[in-house]
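A, B, C, D, E and F label the chains in the order they appear, each numbered from 1.
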Amino acid sequence: MKHLTTKIKQLIPSRNLVSAHCDGPCGIYDPASARIAAEAVLSMTKKILALDPNDTSYATLNSMSRYISIKEEQAHLAKTELLVLWTDYFKPNHLEQFPDLHDTFWNAAKLCSAVKVEVNQEKAEELLKVIEKIHGIFWATKDRQVSFYRAS
Amino acid sequence: MKHLTTKIKQLIPSRNLVSAHCDGPCGIYDPASARIAAEAVLSMTKKILALDPNDTSYATLNSMSRYISIKEEQAHLAKTELLVLWTDYFKPNHLEQFPDLHDTFWNAAKLCSAVKVEVNQEKAEELLKVIEKIHGIFWATKDRQVSFYRAS
Amino acid sequence: MKHLTTKIKQLIPSRNLVSAHCDGPCGIYDPASARIAAEAVLSMTKKILALDPNDTSYATLNSMSRYISIKEEQAHLAKTELLVLWTDYFKPNHLEQFPDLHDTFWNAAKLCSAVKVEVNQEKAEELLKVIEKIHGIFWATKDRQVSFYRAS
Amino acid sequence: MKHLTTKIKQLIPSRNLVSAHCDGPCGIYDPASARIAAEAVLSMTKKILALDPNDTSYATLNSMSRYISIKEEQAHLAKTELLVLWTDYFKPNHLEQFPDLHDTFWNAAKLCSAVKVEVNQEKAEELLKVIEKIHGIFWATKDRQVSFYRAS
Amino acid sequence: MKHLTTKIKQLIPSRNLVSAHCDGPCGIYDPASARIAAEAVLSMTKKILALDPNDTSYATLNSMSRYISIKEEQAHLAKTELLVLWTDYFKPNHLEQFPDLHDTFWNAAKLCSAVKVEVNQEKAEELLKVIEKIHGIFWATKDRQVSFYRAS
Amino acid sequence: MKHLTTKIKQLIPSRNLVSAHCDGPCGIYDPASARIAAEAVLSMTKKILALDPNDTSYATLNSMSRYISIKEEQAHLAKTELLVLWTDYFKPNHLEQFPDLHDTFWNAAKLCSAVKVEVNQEKAEELLKVIEKIHGIFWATKDRQVSFYRAS
């Protein structure tokens, strides 16, 4: 019954309903936050791979430990920023427009986990690609043209 | 092409693939964390509604401000705990078994936002119901019987 | 003088006094939170011990660093959750009923620190045992039967 | 090959000692993070001013409290993001190029505090202006053209 | 040379088993941290009481909400700092020397909760008194004379 | 009575406009917070250097990883505490009195980053020296004599 109501609500074109369920009182969303964190993940991954894992100097041990830890933290941040978009910005009408929205975000979130678990430059690049895709979807729903760039 | 590969992977029953993408190195997941936070949201909502909003004593102003703030924090925690399950525990094979998995979690996450935005006892109860449903799904995937209870 | 007042207050059986000093406005306490964190500590300890400490591949270095860090974080969380119970839930009348309450929690908190300092599976198990004991005490004060289980 | 490049880089005495003291191991800086937070501050300020402060309905009390709290948090975040740029990205050679660098950031940080202390739309706009100026300085030091935009 | 000293230290069986269970690897403890937070609680309490609770100007609503929130945060910080001392610094031999150690800290922690729950200048002062007492105990165990002062 | 005092204070036009821009509503500042964190950094640095980097026992790997991580965290905390002083406590009139204020804090903040990046006992000592200098400046602006001490 509730499911039915939900379906009916989704069919009725309503500009009001959308914002009615909005959690983001500030209404400021920007996939740039996720992109910056994902760039940091990619950067840290490269820096880890540039270290000699057999070098046991204090300097290298310190760097290795820090880079892994910053990679972890930034991957977590990227995931958090993405999930804010998925849970707060996107509404049922967007889902109709982009039917693979759920899978796109699930995939992106799982990539955030994968780049923690592994030291994998390819997956870090893939994450940035998915975020670029989400950037496209996001600004399309706002009818705005915002060019995607990387800080590095 | 990648999409195709993903689809094919999802169709091939594979026990290995599942754990291969696992982010949760500890493997300890328990919907009880989300449940405890949601109970706190419900409790705070009731306590807010039990305060007299026209009472301007320091005691009441202090309580009102704290209760709203704790409600916010606990709703956020409930959402975070739920999204850990969705992004890290659940795998493509679970999605086949529970095809409305994405919608269930999207709905639950949006309820977490709704109980922040509003002072709404009904929605706080609804959130607990959804978490009970997720509790059922979760333990079903583990072939375990764990009874759902409330701390309060 | 104040000390005397405190003593006198402790002697007078009063159901009201208890909740009067309660800090937890939500009133939702559940030792399950500490148990989940302690299970994660045990799991990470096992995973660390399953890694080859002489393997200097990026994958193993990454896992070793992450597991130690997650163990640290979860041990800290277990301690925090336990101390919430000790400082906010338990009241002077409970102390009369369970005279070794302070020592039990001090011991539990020190175990949380020990499992950070060491990679010690035995102590991680011991921590879970102490939490099970606290679970028993906690629900006894509420006259409720809640069975203890582990998620893993 | 990459390993070799790294080694060679380490052997070449570099005049650019500046990066040698760099704390940002990822090297990913982008004033967009501060801008997004400052936009949220402006948005929350407007939303607070759009509420009726004499309305004592639960809904309005809840919104008022949340908006003030989110304004606080976002102003803090904007400040943190700005100070990362000042302490980690900018180096003595930049200071020569932009002699009022310290004052610009001090002013910006103090504006972040001012928009917490007050409900002041003008100052929130002023903060965004300062961040736009910092955006200009930042990208100038990198010889890149990145256009400034607002998400809202 | 230092390396040698370390090795020698490790070989000498130490009677001081106490430090063996130490969680604080840095060994830096100072009750000043708790004192600073408690001073902030007292200050915020006074500032709340200096506001007119019937003034519904945006400025006063903003201040009231912030002061309550900062009081909460600082009381929480004071509690955390105190519990670090109790769980990590103090050892069984200290307990013999100061048999009311547990009660002193339990009382202090409960005061931290009380100053959150209430807007109570007397209790905030009492908290500072207890921290001064703990300061005395702490430095006594180190055979050092450190004078207690307040920043405000 | 207090209410009256407050009212009187509000009526007297104050020359001390400085505090009017103060963000720290509690007004409690104490460089001791930064000093304690910097002492922890120094301690962790020494402890890292006392470990044998070629020892691949679980105990040493665990300690190495933890010490680096705690050093990172405490260096970050020291920086944060310093920047609170710079952005919130110090006002333009202090800058006139201490013209190298900006450079002192910039230097101190960069040292906080340096002790993260490196395992450098000399720089950790240097950081404590700068904090002692800031301690001197701070209490001078308050016309108070507070002696600098170290907890360790």
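Note that a residue touches a chain if its C-beta (ideal position, glycine included) is under 8 Å from a C-beta of that chain, and two chains touch if they have at least 3 such contacts.
From a predicted model like this one, the values you see are computed outputs, not experimental measurements.
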| item | value |
| --- | --- |
| Relative to subunit C, chain with the most remote C-alpha centre | D |
| Farthest-lying chain, centroid of Cα atoms versus that of subunit E | A |
| Centroid spacing, where centroids are CA-atom means, of subunit A and subunit E in whole angstrom | 39 |
| Separation of subunit E from subunit F, taking each centre as the mean of its C-alpha atoms, in whole Å | 18 |
| Where subunit B and subunit D are represented by their mean Cα positions, the distance between them in whole Å | 32 |
| Two or more partner chains touched - positions in subunit B | 25, 63, 65-66, 69, 116-117 |
| Arrangement of touching chains [line / ring / star / complete / other] | other |
| Contact footprint of subunit D on subunit F as seen in their complex | 21-23, 25, 79, 83, 86-88, 102-103, 106, 109-110, 112-114, 116-117 |
| Interfacial residue positions of subunit A with respect to subunit C in the complex | 48-49, 53-54, 64-65, 68-69, 72, 116-119 |
| Residues on subunit B engaged by subunit E in the complex (per definition of touch) | 56-59, 61-63, 65-66, 69 |
| Residues on subunit B engaged by subunit C in the complex (per definition of touch) | 25-30, 32-33, 36, 39-40, 43-44, 47, 63, 66-67, 70, 74, 146-147, 149, 151-152 |
